[in-house]
Each structure stands twice: as C-alpha cells, then as structure tokens.
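Down below are the structures I want you to see.
Here chain A shows up in two complexes: once beside chain B, once beside chain C.
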Partner chain A sequence: MTIMLLSVEKINVRYGRNHAVKNVSLNLADGEIITVLGANGAGKSSLLKAIQGTEKIESGSIIYEDKDINRWGAPKRVQSGLVLVPEGRQIFISMTVEENLLMGAYSRKNADITNEIEMIFERFPNLKERRNMLAAVLSGGEQQMLAVSRALLAKPTIMMLDEPSLGLSPILVKQLFELIKDINTEGLSILLVEQNTHMALQYADRGYVLELGNIVASGTPADLLADKKLAKAYLGGD
Partner chain B sequence: MLILQQLVNGLMLGSVYVMVAVAFTLTIGMLNFLNFTIPALFMVAAMITWAATAAGFHWLVAAAFGMIVAILASLVIERFTYRYMKAKYGDATEHALPLVSSLGFLIIFEHVVIMIWGTDPMTFNSPFAHAKFEISGIIFGIPQLISLALSIILVFGLSLLLKKTQLGRALRSIAEKPDTATLMGVDVGKIVPVVFVMTGFLCALAGILFTVNYQHVSPYIGDHVATNAIAGMVIGGLGNIWGAIAGGLLIGMVEVLSIHFWGADIIKVPVWSLMLIILVFRPAGLFGHTQIGKGKF
Partner chain C sequence: MSAYMTGIIIILCLNIIIAYSVFLPAAAGQLNLGAAGFMIIGAYTDAYLSSADEGLGLPIALTIPVAALFTGLVGFLMSFPILRTRGVYMILATFAFAEIVAGIVLNMEIVGGASGFPVTTHTELEVLLPVTVVVVLFGFYLISTRFGLSMRSIHDDENVSLLFGVNTHLVKVGAFTIGAFLGGLAGALYGHQFDYIEVQNWGILFSIYVLLYVLIGGTQTPWGPLVGAMFFTFIPEILRAIGDATGIELFTELRFAAFGVIIVGMMVLRPEGIMTRTFLELLFRKSIPKSNIKLS
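On to the complex of A and B.
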C-alpha cells in the first residue's frame, strides 16, 4: 500500500441545516494529481475549506503527513504546506503584484524569497512587467497566474485549487492545466476541484465525483469515463 | 496678525484631532467598524495622566499609566465588541451590534470616571505652561508644536508601516479580504487586536498631549474631541489616513476661527455645517474614501 500524503476519513461538514459534506473520504499520494468533480453546490468548496481548516468539520478526521491535523488552525496548515488557491482567485486588488507575492510567502517568516520571486517573474514575464502595479489591472488569466504563483511562494507540499479554470478562455485553460502539470512534475501534489471535467480528467491521475455532499464514484479517469451513466450525469459526456 | 495667530492655534489643536481621526479611520478602513469607544480611550488617558500627576507622580510616569490603561481598555473593547460579535455571527461588520456595544462601553467608561472623580473640570499643572517662543508677534507653544510634529510623524510612520512591513501587508490583506488573508497563513484573530492597540495608543497620546497643552481635563473632553475628529475623518474621506490628517487640521482651524469670529457658543455649528456641505458636494470626502472595509493605505 502506498503511503498517503493526505487522507480524509469520513468527514462531515454542516452549515446549520445544510449538510454540505457527508462522510467523505479521499486520499492523495505523494506526487499525485487528483481531481474532485461535481456540479455547483455538490460540496466541493466546503471539502477544500475543511481540509484547509477554514471550515470546521463535525466528525471524521484529516491525516496529513501521518499527523491528525483536525485541531490545527488554517495558518498552521498553510505553514506546514497545505495551500489553497481559492475560487475566484481572490487576488488582493489593493496591493501591487509584488505585494501579492510577498503575501503568499507570509507564512514563511524570515525566509529570503527574493530569488523565488525572480523565478516567478522569469516564468511569467507579464507579471514582471506589472510588478509594481496594482493587481487590479491584471487580466483574468494573469490574475490566475498570480494566484498560483502566490500559492507557490508558500512552499506547498499539496496545492489545492478551487475551480481555477472558471472564467478563462480555452487557450488560457490549456495553459493553466499545463502549468499545474509542470508544478506537479516539480514535486508538488495537487488536489484539483473542477467543473471542467474534460480537462481535469485529462490531467489527473485519479478522480472523485461528488454529488450533494456524497462521493458517488471514484477511480482513474478511464474508469470514470467508461461508466456511461456517470459520464452522462456528471462528466458532461454523451 | 491675530488671524494668523488663530490659524497657528487651529493647526495645533487640529493635530490632536488628527490622531483621533486616524484612530477612527483605521478601525473603519481595516475592520469596517465605527468604534464609539474612542472618545473614552482619549478621556481615560487624559484623566489618569491628571490623577496620577495630582497624586505626586512625575508627569511622564503618569502619562505612561494613562497610555497603558487606554491600550488595555482598547483590547477589552476588541474582545467584547468586535471579536465577540464576529465569533457569534461570522461577520461582525454586517451588524450594527458592535457599534452599539462600543457605545455602551463609552458610556460605562465615562460614568466609571465620573463615579471616581466627579464631573468637574480639573486643572492640570503642565510643566511646560510657559514654554513658548515668538516669531514676528506670533506665539508658538512648544508642547503644541511638539504635538503637531508628533502627529504628522506618527501618521507618516503608520503609513510606512502599512506599506513596507509584513505586519502592514497582513493588516491590509485583512482589510481587503479577510478570508483570503487566512489562506496566506495570516492569523486574523491575532492580528486584529493590533489595530486596537494602535487605536488605544493614538487616542491615549492625543489625550495626554491635549492635557499637557490645554491644562484641563474632564470626563466629557473625549466627546468634544472625538466628535470633531469624526467630522475631520469624514471630511478627509473614510478609511483614508491622509484624509484624516487634512480633515483633522482643517477642523482645528475652523473651530478656532469660528471662536474668533462668532464666539465659543457656536463652534459646533460651523464644524458640522462644513462637514455636511462637503458631504453634499463630495460624498467621498476631500481625499476620497475607500470602499468601506477595504482600506487603501
């Protein structure tokens, strides 16, 4: 059995009467890309927030690097390498591009990140050109690059992305997934939540399908796509 | 020449308003919270400075007491108005409750002080009562000049802190997107009290300088100074610390000039009329307000 980097075991998340995540279990091995698919309101974001620690779980446990992290607050989880790129990118628009990157490294007290920032700028010349401008001037695609770069500066072990392709043109979506693949090749494990099932399954090693808070299917992309009923209902296939 | 003297006096008085206006604008810009306890912090620091001096302490020691008590009081307010409501409702700013409970604290603080020392204005024997110099007939009080310089240095320092430091960026990230700030590893629960420490510090310093400069204190001085500071903040632009400087100094001058021309009874009328007129023509204030809760520093 492979040793899991992250194991989510039967967690439940509830907001008042809304039982958003029901007995969900999933795991992520070191170096893997997994994807969680599902419609709006399936509980995908709640699941990520629970793993990140910004949403409390009612029961179940989250094991990360062999440690039960249920009691850890979000800042501690970020510091130990669990980093989320939130839905809608959530760039700080009142800050410059560079300040956004500095915020990404917030949890790494006293680390010298000058070189890392230069490497990011080498990777994304568009960001370099605008390093001293307010991030509000960036296009959607550039903002997504900035959001991913900002997360990279936190030195994640696991990068979680919440619908990163939302609102991007097909060409940018392709670029984004290539970037995710590159990051993965560089050693990061990826937990990707997507509605763009076609692209997600093309890049992921395994996938889970979430429906109304329940995991209704899981497996390799080939398995998931082979399931006709599933493909029709959730995966946009025909 | 008399007018020039009044303008100088107005600037000096305005510098006290600047500090209190910046305190208001910080909590509004960062937390979208109009903290009504601010007048009490100002007054408590002033009263304690007076009382401890009267009890025989050196005025600097007395001022340190006043400062410490005001900062502690500010943290109590954070704990029981802002944080409590935030924990209970998720987002404190969507409710008027913190505002009302901070008003409650204001009244309680004032009345505790009244219970101890009564309502009579007290005289503070300033060690610098005669420290002044003259330039072509215009008198400059040295302590007043020092408070003007201090308030401008402080605001510059604050603005640098917000722009250039890790703490400053964390504060600005909370002002803009608290949830995302958490994702960066910012411990919002630990950083928010910093805003209240700053608030307590600014108000206490203003209160102490006011006491030293004007040599009287009463349980009600906070109300007068803080309402003028609110007017100054609104004139400058909510959540804008540079606006708070301009607004505070302007209010100081308007106040002194209206006393000069029309007498002391009327001073609130020109100050608040000016604010209302500016709001009609420039609802965002002279320097533009930031979107509420999204302070731009």
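On to the complex of A and C.
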C-alpha cells in the first residue's frame, strides 16, 4: 500500500441535530486527483471544511503527512499546505486582482512572491491585464481563475476545490478541468468536490459518492460508472 | 487667519481624527455608532488628569497620550462583547456602549456630572494640526500594511480570510482598539480647544454624523474619512456663505435641510461613498480598460 498524503478516518460533523458527515473515511495519495460526488446537502462542503479546519469534527481523525492534525487551526493547516478554493469562488471583490493574490500568500509571511505572481500572470494574461482593477469587474470565468491562482499562491500540497464548475459555461468548465489537470501534473494533489459528475470522473483517479453524509460508493471512475444503479441515481447516467 | 477660519479648521481637524477612529474599524467591516462614547472617555480622562483646579494638573504632553491609551484599553475590553455582534446589531451594541458611557459620566460627581468640567490648559492649532496630520498619515500607512490588507479582506469575507490564514479575531480586535484609541485622542484634544467639556456635546446625533462622514466619504480607501469629514465640515459653511451673499433663505435658515437633501442624493448616487477605488483610478490614471474579454 502506498503511503497516504491525507487520510480521513471515520469523521463526524454535526450542526446541532443535523448530522452532516457520518463516519466518513477517505484517503488521498501523493499526486492523485480524487473527487467526492453527491447531490446538494450530501455533506460535501462540510467534509471539506472539516479537513480545512474551519468546521470542528465531533469524532474521528484527520492524518496529513503522517501527523494527526485534529487540533490544528485553519491558519496552521493553510501554512502546511492544505488549501481550499471555496464554493462560489469567494474572491475579495473590493480588492484588486493583485491584492487577491497577495491574500493567497498571506500565510507565507516573508516569502518573496514577485516571481510567483508573474508566473500566474503569464498563465492568465487576462488577470495580468486587470491586475490593478477591482476583482468585482472580472467575469465569472476570470473570477474562478483568480480563485485558483489565489490558492496556488498559498503553496498548497493538497488543493481542495469546492464545486469549482458551478455557474461556468461548458467551455469554461473544460478549461477549468484542464487547469486542474495541469496543476496536478506540476505536483499538487487534488481533492475535488463536484456535482458535475461527468467531468469530474473524466479527470479524477478515484471517486467517492456521498449520500446524506454517508459514503455509499468509492472506486475508480470506471468502477463507479459500471455500477448501473449508482450511475442512474448519482452520476447522471441512464 | 480670521477667527472664523481658525474655528472651522479646529472643527475640521477634530472631525478628521474622529472620522479615522470610525473608519479603521469600518475598513474591517465594523459599523461603529459609538464614536461619542470614546470621545467622552478621552475628553474626561484628559480633563481630569490635566485640569489645574479640580483635576491633577498634569502636563498635556502626558495627559493626551494617556487619555488616548486609556480609551484604547476600554475599547480593547469592550471589543470582546461587541465583536460578537454583526451588522445592524453591532450598530446597536456600539450605540448602547456610548449611552452607558454617557450615563456613567453624567453621574460621576468627581468630573462635574451634568454641569460639565472645565479644562484649564488651552492650546491653539499648534498641537491639533500636527496630530491631525499624523493621524491621517497613520491611517494611510495602516491600510497599506499587511494588517491593513487583512482588515480589508475581513471586510469582504471573514470566512475566506480565515481560509487563507488570517487570524480574524485578532485583526478585528486590533481594528476596534485602534479606533477607540483615536476616538479618545479626538476627545482629549477637544477639551484643550474649547476649554470646557460636557457629556451633552456627544449624543447620538454626534455618533450618527461621524458614521456618516465615513460612509459618505467611503470605506474602501483611506481617502474616504478625510473627504467625508471635509464634506461635512465645509458644505454647511459653504451653504451659509452662499445664503449670506445671495440672501436666499434656503441657504441660511434651511441649510441643514438642504444638507440633508445632499446626503440623501449622495446615498442614491454614490452608495459606496465619494472616494471609491474606481474613482481614485479615474483621478490618478487616465483610463480603465474595459472588461469584455472572457478567458484566454
């Protein structure tokens, strides 16, 4: 068995009476892309927040790079390379594009990020053109690129993305997934939460299906798609 | 300089300092309707420490900083309950704080209660003007720092700021405390200009005006409170001057009504305040490229 970069073991998240994540276990090997699929309210976002440290877990453990990080706060997790691209992009709209990127590197206090920012701008000439403009004026696609770029500046080991394709046109979704593939090739491990199961399974190495807080299936995209009942219920197959 | 002009500049300076005291927390997303409370604490602390007759008679080089620091300390302690609230509830909490401060001071016989308290050390602009300049520079500097960036990120989205490693609680407490410090500073300076302080000077109307300076000026840039305070200080005077020159009643007796109309108009036309970042770009750069390109 390969050594896991991230192991989530039987974690539970509860909001009052709502048991959002039930005994969920998953793991992510170095260099992998895994995806967590499921409908609205399946507990996908809660799972990511628990891993990122902004949501408390009731029981279970999260092991990252062989360390139990249950007691770490969100800032420490970011610093050590667990970075989340939140749902709905959530860029800082009254800051400029460049300031958004600076915020990405916030946890790297004394790092010289001039080169990294230039590399981002090389990758996304549109962002470069608007570097001194308010992020509010960006289009939806550009905002998503900025959200991913901002996360890249935090120097992630694992990048977690919460429904990044939400609200994007099919062409932009395709570009986004290509971008995710690219940054994965550059060495980042990816944990992708999606409702766009078709695209997610095309790019992921493995997938998990979450239903009402439980993991009901997991495996390679081929395995998941081969399960007729599963495909029909969750994966948009027929 | 005429006494009238000096008077206007004194009021302008005090308005600018108190505007920054509300602006800095506002830049971090906190709406503060408690300016009066901090002003009272600063003014009375300084007056009691410096007054020769009824106070301790200490030199103002000591009492003004001590009064501001003491107000900052009160602000620091108050920030813990107040920062549990948000938005409109925070407005109510800070308002309640100011009312409590006023109530306590009104009933403190040692500082004169309802009859006010005399301030024996008088200063002219030689103290107020340099302090105001320093406060403005400090406001600009703070916003440009890493701390300032984190304040603005909290203003936009507290949860995402946390995601990128901002210690949001610390930054919020810091912004509130610095605001209180500046409010206390404005209060302390006020006494030495007008030689007499009373709680009734700083009621709810005062706090509303200061919050308006900031909101009308704009919370996005440190130009906002400066422009907002100037706007609020000069417009009524300009209206008065126009009225005196033309004899039109609208500008003299009704100038505050006309002023109200201007404020409502500003809120409709520029809800983000006068000094938005886009406006600054227009001022300092020739043009802004249009956003019509989709993706590469």
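One rule holds in what follows: the second predicted complex is superposed on the first by the 238 of 238 C-alpha atoms of A that agree within 3 Å, B and C clash if a C-alpha of one lies under 4 Å from a C-alpha of the other, contacts with A are read in each partner's own complex, and residues count from 1 in each chain.
In the analysis below, a contact is a pair of C-beta atoms (placed from the backbone, for glycine too) under 8 Å apart; a residue touches a chain by one contact, two chains touch by 3 or more.
Only a predicted model underlies this, so the values are computations on that prediction, with no experimental measurement involved.
Bringing the complexes onto one copy of chain A puts chain B in a clash with chain C. When the two complexes are overlaid on their common chain A, residue A:F124 makes contact with chain C while staying clear of chain B.
Once the two complexes are overlaid on the shared chain, A:T54 sits against chain B and chain C alike. Of the two partner chains placed by the overlay, chain B and chain C both lie in contact with A:A154. Once chain A of one complex is fitted onto chain A of the other, the partner contacts of A:Q175 are limited to chain C, with no touch recorded for chain B. Counting the residues of chain A that each partner touches, chain B and chain C differ, and the larger count belongs to C. In the superposition on chain A, A:S139 makes contact with chain C only, not with chain B.
According to the touch criterion, the shared surface of chain A, contacted by chain B in one complex and chain C in the other, consists of residues 52, 54, 74-75, 78-79, 83-84, 86, 90, 92-95, 99, 102-104, 106-107, 150, 154.
Residues 52, 54, 74-75, 78-79, 83-84, 86, 90, 92-96, 99, 102-104, 106-107, 124-126, 129-130, 132-134, 137-139, 141-142, 145, 150, 154, 172, 175 of chain A are the ones that touch chain C when the two sit in their complex.
Taken together, the chain B residues at the contact with chain A in this complex read 166, 169-170, 172-173, 175-177, 179-187, 290, 294-296. Those residues of chain A that touch chain B in the complex are listed here as 52, 54, 73-75, 78-79, 83-84, 86, 90, 92-95, 99, 102-104, 106-107, 150, 154.
Contacts from chain C toward chain A in the complex involve residues 146, 149-150, 152-153, 155-157, 159-167, 220, 277-278, 281, 288-289, 291, 293-296.
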